[in-house]
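In the two assemblies presented below, subunit A is common to both, partnered first by subunit B and then by subunit C.
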Partner chain A sequence: MYSSSKPAETAKISVRAARPLEYYRKFLEKDVRPDGRELGEFRPTILNIGCISTAEGSALVKLGNTTVMCGIKAEFATPKTEEPSNGYLVPNVELSPLCSPMFRPGPPGEQAQVLSHFVNEVLNQSCCVRKEDLCIKTGKLVWVLYCDILCLDYDGNAPDACILSLLAALKSTMLPAVKYNEETEKPETDSVKTEPLHILSNPVSSTFAIFDDHLLFVDPTVQEESLATGTVTIVTNDNDLCLVQKPGGSPVTADQMNTCFERAFSRSKEVLRLIDEILHSIER
Partner chain B sequence: MFSCYIVTFCSPRIRKTSSMAGMELLSDQGFRIDGRKPKELRRIQCRLGVFNQADGSAYIEQGNTKVLAAVYGPHETAGGRGKALHDRVLVNCQYSMATFSTGERKRRPRGDRKSKEMTMHLQQTFNAAIMTSLYPRSQIDIYVEVLQSDGGNYCASVNAATLALIDAGIPMKDYVCACSASFVKDCPMVDINFLEESSGGPELIVATLPKSSQIVFLEMNSRLHEDNLSKVLDVAVKGTKDVYQVLDNAVRDHISEVSAFHKLDQS
Partner chain C sequence: MSNSSKRSNLRVMSAELSLLSRPDGSATLFQGDTCVMSAVYGPGEVRINKEQIDRATVEVIYKPRSGLPGCTEKSQERLIRNTCETVLLSSLHPRSSVSLTVQEMQNSGSLLACCINSMCLALLDSGMSMKCLVAAVHCVLDFEGAVFLDATDKEEKGAQACVTFVFDSVDKNVVMVHAVGKYSVEQFNKCMSVCRTASADIFHFYRETMTKKLKRS
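On to the complex of A and B.
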């Protein structure tokens, strides 16, 4: 760490550290945030699809500084007796001490478990992958897709980055073609032919932070998350609302919720355009 | 991209066919499976300062093996004063493999015996290289994450951790560079990939301090005749010197980029 000799710089650093709330209020009075973003502006999003060749599908998302990687591995499994033609989708989010000093080594902490549950809910509610599509032979053999989401650099807004990386990875997943041999009761995998996964819908998440009980801004950084008095997460599914989560925190009026919904839908269009662009560029 | 191995799926036990029938580790013309010459290293691409939260971070790609390293510290010892060492810094490592990093899904990313062994090796390696007496009662955390594994995991981890430590500004006696070597058909081969590792031949992994050519870590698997040991060791140590060149260039490029950015900032 180097210290600047200019007095104005040092004053700025000390105000930010000692009185972060007032520092933020000064900016929010002018409807802008310290990093120059407007209240409804997301951080620049970078997406890299298909980076891990050992995984059936993979994607790396950088939402500002928050970096999340999702890897999809496919394995065989026997289906449940009560659902003989349903495959499995098993998401898991990992927040390791690698990504931030906030997380301690050991078993998954509260935030990681909550995020894993959130991703599972989104997958179930949005039905973006039909479990019937993962069936190879009813009652005998199905695919299980392990979606492992690994946070590499935590700078706030993990839910949005996780859902985006998961969607991008699922869209780029290629499963080997399988035939079930009736006589030997063993699957036969084609080592060359692969089929893409059929994605029915596109869930996209937008997270808002509530500040000072009345202001809402989108895509909080880790410092903004620590100052926020509440969060709202909205997951849209093409033109429908898929999931809305507002876990306690400051109360919000119906009008503010409506603005959030509108922003979430516009974000969904931006994100889907980005994913399509990248998938097309890979195919070429 | 050359696909190095074919995995046949079958549940619950998964068989791995590690080489196609008739493919040899070293062809008659002297080329290896991936087209390299025996003394040739895989292509190394690396970047420093990839993460924002960590004090120092680095990303390295050695062939198809992709490894990330993040360093936090020096900071106060976590777990109270009980674990702190009074005269030197506590180096805490964690080696973790992403579940999607191997052909077969890895059920336990960390905490299994192999990861714990790797963690201990990394800890011992860096205890020797970092100037530990400068930060008594403190702790340095080194986290290594393997995103894609194609052989040479330990070597790539050590190289990545070295770059991350340099990025964090932690004083070290020298770079720590690691390289592996094997011996096939009377020919020592350097920087072996997953297929060559799993073929059953001898595998020598060495980590050195390149300027003084001192060996920090050495591990040897399988059988190797004593007459061949010095040949293989020489080839591996030469490999670490080559790795050192690449890492040093990367560090110098990074520093000139960062200092140019700061000069612009202050003007």
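On to the complex of A and C.
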């Protein structure tokens, strides 16, 4: 009987399984979470840039156990007639059954669609890539960047991981130099020369979970997400805000919102430092 | 154009309750030219795979005016559903389902706010128990940093940021936020205080609408 050797440990496991809410409350009373994190502490973030050699840009992000991969593929396209000098940015988030039993195979579920819409909104509103920069020949030829984000392991807080992987992948994107041949009306690519994509701003997302209607903590795991009574997602864009989203849940006061903003801005600095470090180490 | 963009209060609202005969509660709400119709069925039978043993399952179907619903509509649907779950006392009806249909009739700006307000009116009309009422207020920030309440679609296009807040009727705390664009924390807080003041008008409007309905019957 393993229970006789470590009775305290068994009791802990059974409380965690049978009464998760009480289990969490006991920890949160002491301002700490069961995994040892403080309320304002993110899980260790690991970033790997350029892991897909066939893509124009790519990044792999690990936020604790949550693993998200982003690949940027560039293709030629003809622009819309109403916006002849604008390229396209097409984000797509996939939550496959591989990453969690919550997701089923087949067409994208609600959460995947909501995440795709979220990523699209961040891309458009932050203007981190100017669509005019993707123009090769006005009215004739533009770049279309497919930003495919794939979740490999889902352990909560997918929005933050998606935005981080997207930004890192965009920053590492190298587009081949293209000349548009006027006579043949065909593009001529230079196989050796590449140019980096111009990134104008740095959107960084931070997600907060609301627990028991009053406690706020950052970076919820999947269990914390299921126990939470609401979430707040804040996307900062350098020194401004780009998107604030609180989809229902427990009401929060203005003061609580401001605490979230402060944490989001400090997180933004941490993340940008991390991306810069990794990009630097690749160049060397 | 000039007098419409100088607006610092809400557009004229008008509502009609119980205009559909089959649902348990229904409402059509006009906020300016924006019009949304909502209908509530429930509490009723629930599909086995969606059954929750401690509360009712809330389903929201958002119907765009034309075309099939895509990612944007799904996102909108989730915002409405989560807001509805927050206010509805769903634990009173375990193992049942509450189904809401929100039909967009005309979008002349502030659509999400109009959807949530009409949903709240439909729930009031159905007589389901709620924790509190909610009022949604939309505003836009222009490039000079001025706040315009309850924007029209034209104003939304030329705006620096579009913000929708939902407040509860008890403490006027924030139940839902959807804010996109480029803005500072100060601007966000300014929008919040302006919208919070305006939410009182919406709660007043709910009261008037219900009084009118109850007097008639």
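Please note the rule applied: the second predicted complex is superposed on the first by the 279 of 284 C-alpha atoms of A that agree within 3 Å, B and C clash if a C-alpha of one lies under 4 Å from a C-alpha of the other, contacts with A are read in each partner's own complex, and residues count from 1 in each chain.
FYI, contacts are C-beta pairs under 8 Å (C-beta built on N, C-alpha and C of every residue); 3 or more make two chains touch, one makes a residue touch a chain.
Predicted, not measured: the structure shown is a model, and the values here were computed from it.
After superposition onto subunit A, partners subunit B and subunit C are found to sit side by side with no clash. After overlaying the two complexes on the shared chain, residue contacts for A:237 are found with subunit C alone; subunit B is out of touch. Of the two partner chains placed around the shared chain by superposition, subunit B is the only one that A:105 touches, whereas subunit C remains out of contact.
After overlaying the two complexes on the shared chain, residue contacts for A:116 are found with subunit C alone; subunit B is out of touch. Once the two complexes are laid over each other on the shared chain, residue contacts for A:245 go to subunit C alone; subunit B is not touched. Working from the superposition on chain A, the subunit A vertex angle toward subunit B and subunit C, CA centres, sits at 130° in steps of 10. Legend: residue contacts after superposition of the two complexes on their common chain; A:153 is shown touching subunit B, with no touch to subunit C. Contacts of A:224 after superposition: neither subunit B nor subunit C is touched.
Of the two partner chains placed by superposition, only subunit C is touched by A:254; subunit B is not. Taking all C-alpha atoms of subunit B against all those of subunit C in the superposed arrangement, the shortest distance found is 11 Å. For subunit B in complex with subunit A, the touching residues are 1, 3, 6, 8-11, 50-54, 64, 66, 68, 70, 72, 75, 78, 94, 96, 98-103, 105, 109, 141, 143, 145, 147-150, 266. Taken in their complex, subunit A has these residues touching subunit B: 4, 51-55, 58, 65, 67, 69, 71-73, 75-77, 92, 94, 96-101, 104-105, 141, 146, 148, 150, 152-155, 176, 178, 186-187, 189, 191, 222. Of all residues in subunit A, only 110, 113-114, 116-118, 120-121, 125-127, 230, 232, 237, 239-254, 257-258, 261 touch subunit C in the complex they form.
Contact residues of subunit C toward subunit A in the complex are 70-72, 74-75, 77-79, 81-86, 166-168, 171, 173-185, 188-189, 192-193.
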